[in-house]
Structures are given as structure tokens and as C-alpha cells.
Amino acid sequence: MPQAHRLDAEQHPDSVCLGCGCLCDDITAVVADGRVVAAEHACARGEAWFAASSEDASPECWIDGQPAAIDDGLDHAAAILRNARSPLVTGLDAVCVEAQRIAVAIADRIRGFVDAGGLGAHESSIHAALEVGSVGCTLGEIRHRADLVLAWFVDPVATHPRFFERYGVDAIGEFVPRGRADRRLCVIDEHETATAAQSDHLLLLKRDRRLAALWTVRAIVAGLSLDPHTVARLTGVSLEQWNTLARLLLDARYGVILHDAGAADAEASIESAAILHLVRVLSERTRFVAAALGSGNNAKGAEQVLLWSTGYPAAVDLRGAVPAYQPQEATTSRLLDRGEVDAVLSLEGRLALDSIETSAGCSIVALVEDDLDPVPNAQVVFRVARLGTHAGGTVFRSDGVPIPARAVLPSHAPAAQELIALLLDRLEHAPGAGDA
Amino acid sequence: MPLALRFTSASQLPLELDGILPERVQALSQGAIEKLLIRHGNRLEPLAEHFAISGSIDDGTLIFESAMPSGHGIGTGMTAGVIRVVGHAGRRIGAQMRGGRIEVEGSAGDLLGQGMSGGRIAVTGDAGDHVAGPLPGSRRGMTGGVITIAGSVGAFAAAGMRRGLVAIGQSAGAGLGYRMIAGTLVVQGPCAPNPGLEMKRGSIVLLDRAIELAPTFRKAGAFRPVFLRLLARELASLNATIDIRAFGMPLDLFHGDLLTLGKGEIWTRAGALASETQA
Amino acid sequence: MTPPNTPGPRPNLVEPGAFAEAFPMTATRLVVTADTPAWALTAAQTMTGYATSVIACDAEAGIERVLDESETPDGRPGASILLFAFSRDALEKAVSNRVGQCVMTCPTTACYSGLPAGEKTIAVGGRLRYFGDGWQISKQLGGKRYWRIPVMDGEFLCEETFGTVKGVAGGNLIFLGEDPRATLAVAESAAAAMRSIPSVILPFPGGIARSGSKVGSKYKALRASTNTAFAPMLRGQVETTLPSSVRCAYEIVIDGLSLEAVEDATRAGLEVAGAMQNQLVAVTAGNYGGKLGPYHIKLENLI
Amino acid sequence: MKPEYLKIAGGTVHDPRNGVDGEVRDIWIEGGKIVSPPLDPDARPARTIDARGLVIMPGGVDMHCHIVGPKVDAGRLLSIEQTRTGSPTPRSASQRGGQMGAVPNTFTTGYRYAGLGYTTAFDAAIPPLFARHAHLELEDTPCIDRGFFTLAGNNHYLLNALKANEPARARAFLGWLIDSAKAYAIKVVNPGGVEAWKQGAQGNETDLDRPIDHFGVSPRQIVAAIAQAVDDLGLPHPVHIHANNLGVPGNWTTTLETMRLLEGRRGHLTHIQFHSYGGKDETDRGFRSRVEGLADYVNTHKNITVDVGQVLFDRTVSMTADSAVGQYLARLSGKPWISHDAELESGCGVSVVECRNTSLVNAWQWAAGLEWYLLVNDPWQVAMSTDHPNGGSFLAYPQVIELLMDRDARIRALAATPAAVREGSLLRDLDREYTLQEIAIITRAGPARMLGLEHKGHLGAGADADVAIYTPGPDRRVMFELPRVVIKGGQIIVENGEFRGAPDGETLHATADYDHAIEPSIERWFRDAYSVSLRNYAMRTPVAARRLS
């Protein structure tokens, strides 16, 4: 990290990097010439994230592809949303909690659907929590206590470069005073990943064998006897190796399974639930937790805001008098794929871009952070200040810890929460507001 | 004479048809039926705005005459009478159904028979995900009734099922019988690997020739118990598209999921498992 | 059985005014099936043994009919059985004991209710399931619940509840003759004809009882004792109802699911008696003076 | 500008703090506050509420509930089925939609509290690490003033300070913590026990005097030190104690010891019902209520206050920072369980539970709760709570009031419990019936006093104009379920049973005058130990909050 900065450079300590799910908040962003010239403590990925902070020059609003005044854009957007019969507010995971709260209020006023985002990664984790619950912890607990880390089809060394340094494995902790030397790292993955290269134990497992493998481990932990041939055939790994792994898990004082954020398919849901089940059973014998490696977005915030303001974690239908939970119906991808919405307020502009094919006949109001070309097929586009560099706001880390991202650069464009607060105001006070 | 509803609207937006039930319209005049409110997107609109209504319901039958993939919740909470749907229909058909009969001449969307506790649903085409599954936030699926589907189904069919019978004429997707509590499930065609995970009780009969079970299912042997004869007869009487000749010879019995009680049973054709678990 | 063109019975063959006095009893019908007709019959015979009279048995029972494959719920050979008892509780106990001891134990069998489960039912599989020691499996098919109880040749399947009806028990015919052999031959033919009537059974051995009874006894502990009035060898010692030439009386007791069925069976017996009248002195019926049973089946009305 | 008055005329006023017991008075409101009647004889109120024949009380104060924060969201997640089937609060121009399950959304929470005449509520268990989350959520909780207590009983910094025998550092840290979290009070949950549980699956602290591994301080030391520090800091509410061994048979001795160790220092023992069981010692055969001895102690020690944590017979969600209890309950039910360890601070356990009057344990819990209300002589020492949603919903308060005011209703309910409770509980012989004045104390004036809320829980001049007006009737449950008028900060929220508007409430927090010399040490601590930086942890930016100190 180069430490020599121009004399007029501004230092912003404790800045938050949204480059990955680590949400490292010990970054000193160094600002000069209206951009972040250095991000001290950041990994390469984080440096790139800060460096991508663009100049804040392009227009703040487009209507039908033409630059326009924000006021006009708001009027136009409000008209679209107010007249919509089946509107969707989505992309909540791209914005801060403050904006998410307003987004839910907008969905409530326009009587639409509201959902976190397009990828549906939350589906499996929510499904799993409903089936099993979850035994977890904040990332700092992993650092202080975990003497066994099992990386299950995740490669944090590559995707979350500072994870081991900050939250576990390499870090010194209260109950793991020698850091890495006090911990075991097990990796189960398809390939010899960067994380695998650092592991003490590695099991190579084909992706489509994940459920068979989880059931094998669960059975061993439960004390069931298994047929070695069947296990080898179903998992491609010998029963003996699974027994060894199970022993490691049971011998841990505080073990953690690191897994990914999930996916929208059935197998991923079952897999997530099985991991949580395994952890719950292990918790009867020792301390064990599961932790999802988040991404740099605010998916956890979206889940929490939706829970507290509607009672449900995602895919909420606010068309009726009370919120309804439609986890298998009102997700963004399903609604768009099926053409069941006639207007979309997307707080995550790329979502609108991605779904052009399927959303024909549907009006789009989009918020974008970058000065991209106007979003094709969107009627109204607002450029908002980039969260974490140009705008502040609270982001929930994947472990639920709220972290306030702050602006380090000035912005002409409003923050997402400011912009949609104006939009909500239009919807509440313009003629026709509150009509059923 | 049945009461016929022909879909005349151009809208593709979701229509919630949950209040349109034989037992409800029975007592209503044509005019009153036309004024029944249905949810179209986020508004309540009269039925007549979307449907041409003819006939009357003196025989207890209500017919949706046209394909309606965006028409959801048909037969929700139904207790008596008959609903026929001609053409593909939307999601949540027969949700929370307690009695009566729904016939879909076409395919059904996701969540067919969600939270169903009684009655009979027959689908000539395919059905989507979560057939006979639980209501949102619940872990318990269908608690009674019969669903037959001539075609294939998506993921999580009969997940959390508590009671009743589901027969699937062709293939089934992942999560078949996941966390099944009890009940009976028959699949004629191929099914995704690992059916019946975490099932506690209940019977799953898989008639395809290649089945993959989790390692926590254990073989008991090949049997032909009387209950399979009864099941075959029941399937025949339901006109389910299941080849009941397979029931004429012993089937392999596996018990599981040993992780969760292990009192469930999966029946397969003899030798359908490439290698069998024995402990 | 009865030859066609049978001439009518001679006058006074049927004792004038004779009537059978019948009682309501709770009744059920079981269908027992097995892999072979022989095992089905074995189960049926065993479970209907020692079931002649509720005077000293837990129930009155008999095989109603042998069933072929097309007639049973599971497509196997079987038999239908009727059982009668004084109360539904008594019936439930008798049926579940008998099914438990005589059907469940019998190779390859299964057991079903032969009556629709109306308002009144008795639990059979519902009681026997506990034999499964926790491994029993409940199955609902076609609106009925079955219990699958693991046993050594696989599993014993038994329907959970059996429908019951108010049946009629104690219908009877008494054949009076001079020659015991000839009288018995008539009774045998009559029993055969009566058994072909649906919904009835003749609970006594071969359908025929020789020890007709009267209510009460000189011994306080006994509720019934030999019917002295019909015992020919007591003719010199007690008052008798037997005509002087009669040396032998055989009784056929009829239990049926309805009064009509009992009457039909009685009629069938009378027809045989008519056809074989030259082997009889008279036909009569037993009663208690009409004070005990609500049903009076007058033989004359059935000719 | 002329003052705009709202006058509540001719009502029967119950204002225990000001010694008003059922007197007919006029209440004048102006600028969101209760004011003295204007001296100007010509002063005319802009609006007068005719309250003749009606009962007037200050707005209710719930001093211990769980309404915000990560564990409440976890509870929402696990109770979707209850929410989906709960009674609706339909959307209107002034209201967001919601359904009242065991754990309703924040809006429904606010509306329903107001709908009962409650205008203030405190969430009892927020780890400081999640304070920011709690504050965001409180901002979405309308109609009530609110705040939270923050957790300190298993905090590593504090344990280290106690281990080093540095009470001054511990005190300064607690002051800093209150300030940093913008919390209202300091709470301890299973002091030391949560840390012990985190160190090993079977770990928990069963003995007040056994030092916790690694830290070498005992629960007794933790509670005593925090109680002293809170007193020394002059926080408005004393240490809020969720004692060790919650729910464990025989735990009454732990509870008694915990009261004793306060040695005259102020202390509030919360959901005391869950800590009042016999069953382990030699004289007790099995699980049962052991309230009597504890209540006697409270009756003779004015330094102690309690809230009850009444259990009702219903389906609900258990949520606690006591991870060990969370796991115990989940093990019993086999149902979904959410546990979440908060680094260096706390734990969290959430699971779905159902209480039945046919269950011996549940029935004893129910009886123990009522015994508490009836055996504490001075109503100022006992506050009403259900530990919402743990023992039951706050919506059950009218039901509890009925059981307290009507002995016959109580005996009827008792009759439906198992024989051991029916015959073994003291309830059979307790004839006490609460008066309206006493109800006003345990639901409003008392909790406000316990919390040190000068502006709440009374109707004297200067108080917040939070007022509940009830229609008196023999059916106390109906009376308290359906207030005629509810006023919050001078604004009418409920009138004639109808919802009139949903004002935003305020978040109330305390401030402490602590020794700022501690800050470098805390900075070092954060750099070395936390997964977030100090600057991103502490709530430096003002929240929409009112400071109370």
C-alpha cells in the first residue's frame, strides 16, 4: 500500500468497503481530486471497489432516455407507480437500510409487491431458517473462538480476501491465542481452490453430490452405520474419509461451517437446511455455528427491514389490506419471468437492464449508482449517489451487524434514500394518493 | 347445467379467483355473480369485467372455459361441488381445499393443492412446484384429499405432506416428499435424486427403473403386502395414470430417512437402485 | 335347494300361531381375505368358532358366505362373516379379540369391514394396531383407514373401524319329527337353504341346535337351562309341548342384519320343510311368550 | 399565539403518583403536555372530551417487552404462520397493514399498544453491537415512546475490568456503553452464564459463586458490580436483572441469592415468575411455584422491584439473550431454533413455544405469575409484564387485569389447570382483588417510577400528555381491551374505539456522566477485539431521540 499521498489529500478513517461481504470498516479512504486515490488496509478487491468511484458528472435523471430534471422525473415516476395495477418494488439489497425502509413504504402506498432483489439467493437461506432455524454468530465470534473452520463450497481466500485475517483462521482470538496454529481449516469443494491450498484437510466433492455428502456426515454424527460401498458410490469419497471429517467436527470446541449465501433452487434450499441441521445436531455435543459469506450488498438489511415492517422476510405481496408472504410466487425473478407486473421500481438499475426481455409491456423506474448510459427500456432513471463513497447509509453485514457506510466524496446526485423519500412524498401527497 | 365462465379480459396481470366457488355462487343470481369482486392486480373488480358468464350452477358445477395462466387461487377453500378448468391455469389451485372436486384439463401452475385438507384434484397435464405443499411459513403440507396428475411435476412435490394421496403420472423434480410426515405418494416416471429426504413416515412408491436414494435409506427386502394391492385398486378407481401392473410383483422396500425417525418407506421396482444400502 | 313346483305344505304342518321371538343385537360384517381360498376359510372358521349363543359366548358368529376374488377389497379370495353381540362395546371387544387371535395369526390374511362405516362403528384395526408395538403404519385410502401391523410373513392389514347395524338375533325354526334321522335330514336341508340367504348366519353347529334352552334354571347361577318342554325324553316328567308322536326336535337359530333377512331365511327354511313334509310331524318356533323380544316372526305369515 | 388547549372534562381520574384515587377532575393538555388548569377564567379549550362517567389513567408503560432488534426479527421469521393467521390491522390512509401474530411487525406493534392505552414501551434486550439496528426499527414503531435496555452481563470488557478488580473502569465502561448505544438502561441476562454457554455446549452458570472459566469472575461479582456502577452513575433505571438459571427447577434459591447480593443497592428483577420455581432441593418433590419466600423478601426490601413475566396459555415465540435457555426450549420442542452469538457481548435464542393449561409446567408458571402480583404487598414494587412475547402477547394485559381484579375469574381459570396446581398453588387461598388504583400503579405509575421516567405514568402538570380513557364496566377485560380514547403527546390516537392517526413516537435514552479517561482503553479494545471499528459501533450520529438523564 503506497503511503505517500498528496499533501492536500483527505483521510477518511473507518470507511466501509462494500467490495465484498466482509464489509471491512477499517479502511482509510484517501481522497484527492474528487476521487478515492487510495484505500489503506483494503485488499486488492477493495482497492478496486474504491477506485471505481466515478466522477459525479452525468445527469441525475433521464426520462425515456433523455436527460431531465429530477422534479419532472419524480412526477413521471409517481404517475407510473400510482397508476400501476401490479407494481413491484425491488432491488432493496442494493441500497442502505434507510432507503429500504422508504422502499417498503412506497410498496405499501402503491399496493404492490416488494422483494429484496433478483438473484433469489435468500430463498434457500430463508427456507432453511423456517425449517430448522439457525445456529450462528457474528463474525467476531469466529475470530475469537473458532478452532475449526469448514469451508463448504466457498473460497473466501479468493472471494473475501480479508476474511481469514479479520474474522477467523489467521486472526489471533481470545480463545485461539496462537491464531492459525490453534485452528484447523477443512475445505470441501469441487476444485483445489485458493482456500483449499491453505487447508489442513481437503475433500474434493462433485457439486451434484452435495446432498449425499451432507446426509452421510449427518448420519455419522447421528451414530448411524452406513454401507461403505453406497457412500463411496453416492459421494465419490470413502466412508473412512467422511468418518475422519465427522471426528474433526465433533472434536472441535467451537466449530463453524462457512457456506455461501444460497440460491433459488430446490436443492440449494435442502442443502442450506441440511447444513443448519447438521450444525444444530453438532451444537448438542459441542459449540458449532454456521455462517454465510455475504456479498457486498445489503441483502441482510433487506431481509430485516422486510421482517420488521411487514412481518415477512422477502417476496411480500402488499396488494391487499394486509401484507401477504408469497415466497414461491412474489420473488422478483418469478414475477418478471411471468410478466405479472406492469411497473417496476428497481433500486438496482442493472436489474432493469437484465430483465428487459421479460419485462416488455412493463414500465420501469430505476435507480442507478453509476453514470451508465441511460437504462434502455426504463421510462425513468435516477442516478443516485454511490453508497459507501458518495452517500452514507446503514448496511447489515451477513451476520446482521449493522455498519454505517459514510460518504467520502461529494455528490451532485441525491442519496437513494433522499431520492425515494421525495418519491414517497409525491405518492402520498399528489392527487389520487391513498386511493384503493 | 353448469355455470360457465369464459375469460374475456386481455389482462395478463394476476387475477385472484379465490372467492369464486360453487358453494358460494349457488345462492346468487346471475347479476350478483357478475358483481362478485375479484382481485386484479391491486384492485378489486367485478367478475364480469374479466369473464363472460353463462349457464347456471344447478348441477353444482362451475367451469372456467378458457386457459388462464394468470388466474390464481381457483377453488381456494372449496368444500363442495365441482370446478372444471379447461386449459392451463395458474397457481394455488385448490389451496386449502376441504371437499369437492377440481378437474383441470390442462396444466396447473405452482402450489397446486397447497395446504389442502380434503377433496379431489385431477390434472390432465403437468403441475408446477410445491404440489400438495404447505402454506407460507408452515411446515405441514397437505393433510388430506387426493391429487392425481397425469403429467409431470416440479420441485418439492408432497413436501411436508401429512395425509392423503398424490399420484404423478410422469416425472417429479427435486425435493420429492421432502420432510414428508405421512401420506402416500406414487410417481410413475423418473424422479430427481434423493426423494423422501427427512421423511418421518409415509409411503412413496417410485415406479421408474432407476432411482437414487440417500445413504440414510436402508433396504428391508422385496415384498408384496396387501396394502399395495389396495393402493393399486385405489389408483385404478381414480383413473390415475399409473401402470398398476407394476404392483403385481414384489417391490423393493427401503426404510428412511433414518436421520428423522426412519419410519418412512420408499417402494421401488426390484433392482431399481444401482446399489443398495445394507447395514 | 327347494325343488320347483313344490306342493304347498299340508295344513297344520306349521303349528298354528307359532312365532319366533327375536331380539335386536348389534351386528357387524367382516371380510377376511387370504392368498388362497383355503386360508381365508380357515381364518373364517377359526374366528367364528365357539360363537353359538351369547348365553355363554362373547358373540354369535358365523360365516355368511365364501367370496371370490372379484368380491373382496384386495382382489383375493375371502369370506364374509357376521357377528352379533348385545352391545356395541361387547361386539367391539369380541371382534377385536377374535380377529386378533384367529385372523391376525392366520397366514396371509387381511381383514376389512363389510359394512359401510355409518354413524355407529367399532374399532378393530384401531385396537389391534398396538400389537405392532409402535411399528404399525396407518394408511388412508379411498376414505378408509387401514392399519398395517408387521408380522412374521410380512404385515397384517386390518381396517381401522367396522360399521355396525342393529341386527336381529334369535329367529328360529324348530323341526319336530318321529324319526330322528329323517328329522335331522330335513334340518340339514333347511339350514343349507337358509344359509344361501344374504345377511344371515346360523350360529349353531352346522346351523342346527339340539339343546334348545329356556330362560332360567333351578340353579341360581345359570341364566338358561335345557328346554324341558321340547325334551322328548322328559315327556313323562314335565309338561311338554311336543305332539305325542314326536321323538326328536331340531332347532335352527337365525341371526340376521335385518328383520327382513331373518324372515327371508325363515321362509327358506319353511319351504324346505314343506317340500320334505312327509319326514316331519310339525314345524314350530321358540319364544318366551312374546314378552321378551320385540320381534315376533309368525311362521304362518311366511308361508 | 394563544395556547390551544385540549380538555378532558369530568372524568374519574386515577393518578396514583399524584395521590389521585378515583376523583372527578378535569385534565388540561397543551403542547403535548399535561398543564395546570389555566388561570384565565375565559380560557376555552379548542376541544373538550366529555369524560363524565369514564375512567382516566395515564398512558400505559410497558417496562419489559421484546419489540425490536435482531432477535425479534428472528421471532418474526419463525412465527410467520402465526402472523399469517393473526387478526389483521388493515392498511388505511394513516396506517400500514399488518397482522397480529405472536411477533407482529413494528407498525402493528405500535398501533396495538396504543389500542390498549399503552403509550410507552421498552425493549429489554439489545446487544450494544446491534443498537443501530434497534434504533432503526424503533423509528418504524409508531404511536409509542420507546427505548431499549442494552446488555452488559456477559461483556468481555466488563468481565476483564472486574477480573482486574477495577470497579471504576467497569463503571466508566457502563456509562460509555449507555451513551454509545443510546440505550435507556443496563440489562444483565444470565450474567456469566451466556459466556459459559458460548465456551461449551453444556455450559451454563448454575452457581452464583463459581467463577466463569477464562474470566475468573462469578455471577455474583458481575451483578453486584453492575448494580453498584449503575447506582453510582445515577442512571434513571437500576440494573435490570434477568437472573441466572431461568426456568430451571429449583431456581428460586438462585433468585433469592441474587436479591440478597444487592445488599441494599437498587435492582430490578425482571420476569421474576420464570425465576421462582421449586423442584431441585430436598423438600420439593417436583417442579412447582416457590413465589412465597421471594415475595416476602421483596416485601421487606424496598430497593427491589420486579416485573412479573406472566405466562398465558397460547402459542407464542420465546426470545431471549439467554442462549442456554434458547437451546433448552428448542431441545424440548424440536422446533426451529435460532441462536446467534454476539461477539464479546451476548447471545440470543429464539424458538416457537406453546403454553397449555394442561401442562403441569405451564400451569405452574401461570400460577406463579399471579401469585407474584397477589403476594407483593406494595404495588409500586411490581410491574405488569408478560415479557412479550415470551409469556404471552402484550395484548393479554387486559386478561391479566381481569384475573387480578376478579377472584372468581381467577378461580375459574385455576379450575382448568392440573390437580397439582389447582390444589398446590397459593391462588386458592388468595382473596386479594386489585383495585383500579392498584391496576393504574402496576401498569403505568409503577413502571414509570421504576424506570425513572419523570414525564410518564402520571397526569400532573409537566407530564407528557399520554392519557387513556376507559369505559368502566364489570367486565374488566373488555374495559381494558377497548379504551374509549387514547391520547399520546396530546394527540388523539384512538377515539370511540376507532383509530384516528399514528403519530411517530420518540426514542428515549439515558446519558451518563462517565469518566472519559476510559476512552483510549476502549479504542484499543475495539481495535484488538471487535469485528467493527469503534466509530462504526457507537451511535454518534443523533437518532430521533430524547435524552433523559
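Letters A, B, C and D mark the chains as written, and numbering starts fresh at 1 in each.
The rule is short, and it goes like this: contacts are C-beta pairs under 8 Å (C-beta built on N, C-alpha and C of every residue); 3 or more make two chains touch, one makes a residue touch a chain.
Model, not experiment: these values are computed from the prediction.
Among the chains in view, B has its Cα centre nearest the centre of the complete protein Cα set.
Ranked by separation of Cα centres from chain C, the top chain is A. Centre-to-centre, using mean CA coordinates, chain B is 46 Å away from chain C.
Averaged C-alpha coordinates give centres for chain A and chain C that are 76 Å from one another.
Mean C-alpha positions place chain A and chain D at a centre distance of 34 Å.
Chain B and chain D have centres, each the mean of its CA atoms, that are 47 Å apart.
Residues of chain A in contact with two or more other chains: 130-131, 312, 320, 324-325.
Within chain D, contacts with two or more other chains are made by residues 80, 83-84. Here, these are the chain pairs in contact: A-B, A-D, B-C, B-D.
Within the complex, the chain D residues that touch chain A are 68, 70, 72-73, 76-78, 80, 83-84, 88-91, 93, 96-99, 101, 103-108, 129-130, 132-133, 136-137, 139-140, 156, 198-201, 214, 327, 330-331, 335-344, 350-351, 529-536, 541.
Those residues of chain D that touch chain B in the complex are listed here as 79-81, 83-84. By the touch rule above, chain A contacts chain D in their complex via residues 13-14, 16, 25-26, 97-98, 101, 105, 108, 126, 129-141, 143-145, 166-167, 174-175, 253-254, 280, 283-289, 303-304, 307-313, 318, 320-325, 394, 396, 399-404, 434.
By the touch criterion given at the top, residues 144, 163-165, 182-184, 201, 203, 223, 225-227, 229-231, 233-234, 237, 263, 265 of chain B touch chain C in their complex. In the complex of the two chains, the chain B residues touching chain D come out as 135-138.
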